[in-house]
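Paired with chain B in one complex and with chain C in the other, chain A is shared by the two complexes that follow.
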Partner chain A sequence: MPKKETTSQKAIQRQVAWAVLGLVFLLLLPVFARYSDYVLQVFTHALLLATLAWAWNILGVSGSISLGHAAFFGAGAYTSAILSLDLGLSPWATIPLGGVLAAGIAAIMGLFCLRLRGAYFALATLAFVEIPKVITDNWDGLTRGSLGLVGLPGLPSLRLGSYHLDVSGSLVGSYYFVLSYGLVLLVLVTLMFRSNLGLAFQAIREEEIAAEAVGIEVQRYRLLSLLLSAFFTGITGACYGHLIRYLEPGLVYGLHFSAIPMIFAICGGRFTILGPALAALVLYPVDQFIFHPLLPAGHEFLYGAVIILAILFVPSGVWGQLRKGHFVSIKTGSIE
Partner chain B sequence: MWTTAVVSGITLGSFYTLIALGFALIFGVTHTFNLAHGELLVLAGYVAYWLWKTSGVSLLFTFPAAVLVTLAVCLLLQRVFSRLSEPLELNSIVMSFGAAILLQNGMLFCFSGDYRLIRVPTFNQGLHFNTLYLSYGQLTLLALSLLVTALLYLLMRHTYLGKALRATIQDREAAALAGINVGGMGVLAFAIGAMLIGLAGPLYGCVHYLYPTAGLQATLLAITITIFAGVGRVRGLIVGGWILGLAESCAVVLLGASWREVVGAVILLTLLALRPQGILERKQ
Partner chain C sequence: MSLLKLEALSKKFGDHWALKEIDFSIAEGEIVGLVGPNGAGKTTLFNLITCRHRPTSGRVLFANKETTLCQPHEIQKLGISRTFQSSRPFAKMSALDNVVVGRVFGGHFHLFAQSTDIDSARQLLELVGLAHKEQTPAGDLTLSEQRRLDLARALATQPRLLLLDEVVAGFSPAAVKQAVDLVRRVRQRGVTLFIIDHFLSLSLRVSDRLLALDHGEKVAEGRPQEVMRNRGVIRAYLGTRHEDESHGE
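Let's look at the complex of A and B:
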């Protein structure tokens, strides 16, 4: 059908145009924000949260809602921190290992949780976080317990030919590092969602029995989406540790890092590629620039309010809602 | 040592039952998971703490105020819950998770993040029976928890209203066909649940430190006991509360107090793994 194809191409062009515009804004942001370290710090953290939301959504797109991603975030952060502190390894080597351990934790979680669906899966993930948290809290010899880890090595500078990016030494360096990690993740997530793997995840979400009937091994794919999601969450956690250079069980295993990616992904649009990151890049700065000065204690009520409103009024997320009828759906590969 | 562990396990367990009763009732009647349950409990504790600290009234007089506050919040929550679309269980989890964050931040704003405890001097004194020691605090906790549980049992088993509630829990459509106002039962379940939380909150403030994020533990144990017992079974909830209380106090003796939280989580995960089809489906 030629007519449909042209609309679809137009829609793709429009989506690409928006993405390019957003990318230019993010690339130039340090130029505008040169006089305010705070603005740059906020957007660096917002980008990190965007990667967290994408990582969460790898599981979300296959239909499972996790309330326990802090387990992977904390495990990644602690693994990378301990390996680089105690063994003196370079953070570039320990960050992927953080992701691997997070995936290992996810495999254990999968033993408990993957037989469960919907609400019960969510409850199990919520309860599961306590296990790595309490272990980290009590394994004083390795993790220094509730004292936390201080003085984590920063990220070494990167050299690309003659260009030199001072990752941990300067705020601009940290910003561009997190931005490039975000872009790599965006490419990976896009490729994944458009591949057979992504189609299988979405088929499982839409109708498990039908997916099984066309030959998708449902449990294997659900495990795979959990492992991939945990792996990238662990990597983000590890990067967070080396950027903040301080870890504490209550901080990285806290409810915050379980709630935030879920809220961003659902508010932005669980079934879209850009939605989760857009929500992070809008909501976190709004929280920090507007509500934090107004309400130093309790400004995070914003996240509670937006998720309630989203579930009530835009269950497919703001970006998912906007995109209906205009953009290409990752769900069907055609116009919704 | 072990007798002390058993006694404190039963005491704590009875209190856990009291915490779980409201959760189980709301879930059974409306099929919504209220993850803000623990936050409501902590809120009731804060209200009692605030009254006790500022006006110096005895603990007994803080209960009505706590009940009123939780009643108001719960009825508001019920209005929002009733607008949820399918899948109800999952949407209610996500939404009440948001409500929990709202309440946590509200409490952080009103009461700051400092740890608070309602100190009732007489609660630390107690009775000695040979090696066994029972503090008045434990006795009060045990007596009040069992009293309220017994009252709820009487309400559910021996009144017409209780019959209607149980019918709604067992089969909503059949209950509606029999002329029971199922929506009204939902409001009622939230109201009774709020009263139970309002009664438990001030007690919670006496035995646990209050801080804005303390609620998650209470929510998890309410879920654990509810999943163990199934819905609409007050006696099952008591047994579940005792088992959890005993397991926790044994874990404290064997492993140390810092591992207590894991016990509840592992029990919940095991229960979920054993009953993957959920609480509502019953064996045919």
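Let's look at the complex of A and C:
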């Protein structure tokens, strides 16, 4: 159908244009923001939350709502911190190990929780966070317990030929590092969702019995999506630790890091690629720049209000709603 | 040689025998209708063949291999696909993606869908008359379109045996006629068919043989006209009061 092709091509062109515009904005942001460290810090954190929302959505797209991703975030942060502090390893080596341990914890979580569905799964994951948290809190010899870890090594400079990026020494360096990580994750998530892996995840979400009947091993794919999701959440957690350079159990295992990626993914569009990150990049700065000055004590009220409004009026997320039923598709060629 | 063989297959739910000692076999290339009133055990039989349920006793053999205790996705890999009584589309995915899923996971897994996967999915949409709806989310299709999509998705897995569960229920006479053509075309592809058809509108026209169940027991099997004259079948459908009238439908 030639007519259809042209409309979808136009849609793709429009999306590419928007994506390029957004990318240019993010790339140039440090230039605009060079008189305000605060603006740069907020956007660095927003980008970090965007990666968290993407990682969460790898599980979300297969239909499971997790309230326990702080378990992976904290485990990744602590693993990388301890390995780099105690063994003196470079954070570039320990950050992936943080992801691996997070995936290991996800495997244990999967063993208990993956037989559950829907709200039961969500509640089980919520309870599960307590396990790594309690271990971290009480294994004083290794984690220094509730005192937390301080003086984490920062991220070493990156050299690309003659170009030199001072990652931890400057806010701009940190910003560009997180932005690069975000772009890498975007490429990986896009490939994943548009591969047959993504097709399986979506089929399981939509109709588990039919997915099984066409030959999809449902539990294996659900576990895979949980492991991948946990792995990237762990990596983000590890990066977070080396960026802020101190850790305590209450911080990284807090409900905040379980709820925030879910809120962004649901508000932005759970079944889309760009939606979760867009929500992070819009909602977090809005919260910090507008609501925080207005309501210093209760600014997180925004998140509560936004999620209620989103669930009531745009249950498929803002981006999902704009795309009206065109979710990740291997065929339409849309970039979401 | 039989493709599917059921040996004394029984299923008990609580105190209730949903199926009792069913012996039956289907030869490669046959079209067999499975008929009987509500609660006769038709869908239960499909669920046992596709391993959604475990039988209480008895065996299922497919292509001379015992499959009684397989997993649902394994049974599909061996070559049995099915549609569902109330269709189960992947609602938020496009019609085309629905069929591509069948194609990709029914065969050998590869990470990225190839153009051959998409082409053959398109051909199947064409076969079931949904080519113009390929980008429509499956959840937005009409009920009859969703049934046909279910069929295309099941065919995409390239089954040897296809189980159709009430594929024409609620169809208009014209749509039933189209379905008759469709089923014949599916058979031409070398697929053996086992069709649940409560109202007989499809199976009487296309089946080589019928299997009639009532209250979980086999009441008759054989050529459609013989089965329809069977007193047990007439009683099951119409009750005893009408037994004197010689034909049912």
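As a convention for this text, the second predicted complex is superposed on the first by the 324 of 336 C-alpha atoms of A that agree within 3 Å, B and C clash if a C-alpha of one lies under 4 Å from a C-alpha of the other, contacts with A are read in each partner's own complex, and residues count from 1 in each chain.
Quick note on the criterion: contacts are C-beta pairs under 8 Å (C-beta built on N, C-alpha and C of every residue); 3 or more make two chains touch, one makes a residue touch a chain.
These figures come from a predicted structure and were not determined experimentally.
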One more residue to check, A:195. First (chain B), second (chain C), both or neither? second
Between chain B and chain C, which makes contact with more of the residues in chain A? B
Quick one: is A:184 in contact with chain B, with chain C, with both, or with neither? Answer first, second, both or neither. neither
For A:203, is the partner it touches chain B (first), chain C (second), both, or none of the two (neither)? second
Taking the superposition on A as described, I'd like to know which of chain B and chain C A:213 touches: first, second, both or neither. second
Once the shared chain is lined up, is A:119 touching chain B (first), chain C (second), both, or neither of them? first
Show which residues of chain A lie in contact with chain C when the two form their complex. 1, 4, 8, 194-197, 199-200, 202-203, 206-207, 209-218, 271, 325-327, 329-332
Give every residue of chain A touching chain B within the complex, in rising order. 65, 67, 112-113, 115-120, 122-124, 126-131, 134-135, 137-138, 254-255, 259, 262-263, 266, 295, 297-301, 303-308, 311-312, 315
In their complex, what parts of chain C are in touch with chain A? 50, 52, 71-73, 76-77, 81-82, 84, 88-94, 96-97, 100-102, 104-106, 109-113, 118, 132, 134-135, 137, 140, 150, 153-154, 156-157
Going by the contact rule set out above, which residues of chain B touch chain A in the complex? 33, 35, 80, 83-85, 87, 89-95, 97-106, 108-109, 112-113, 213, 216, 220, 223-224, 256, 258-259, 261-262, 264-266, 268-270, 272-273, 276, 278
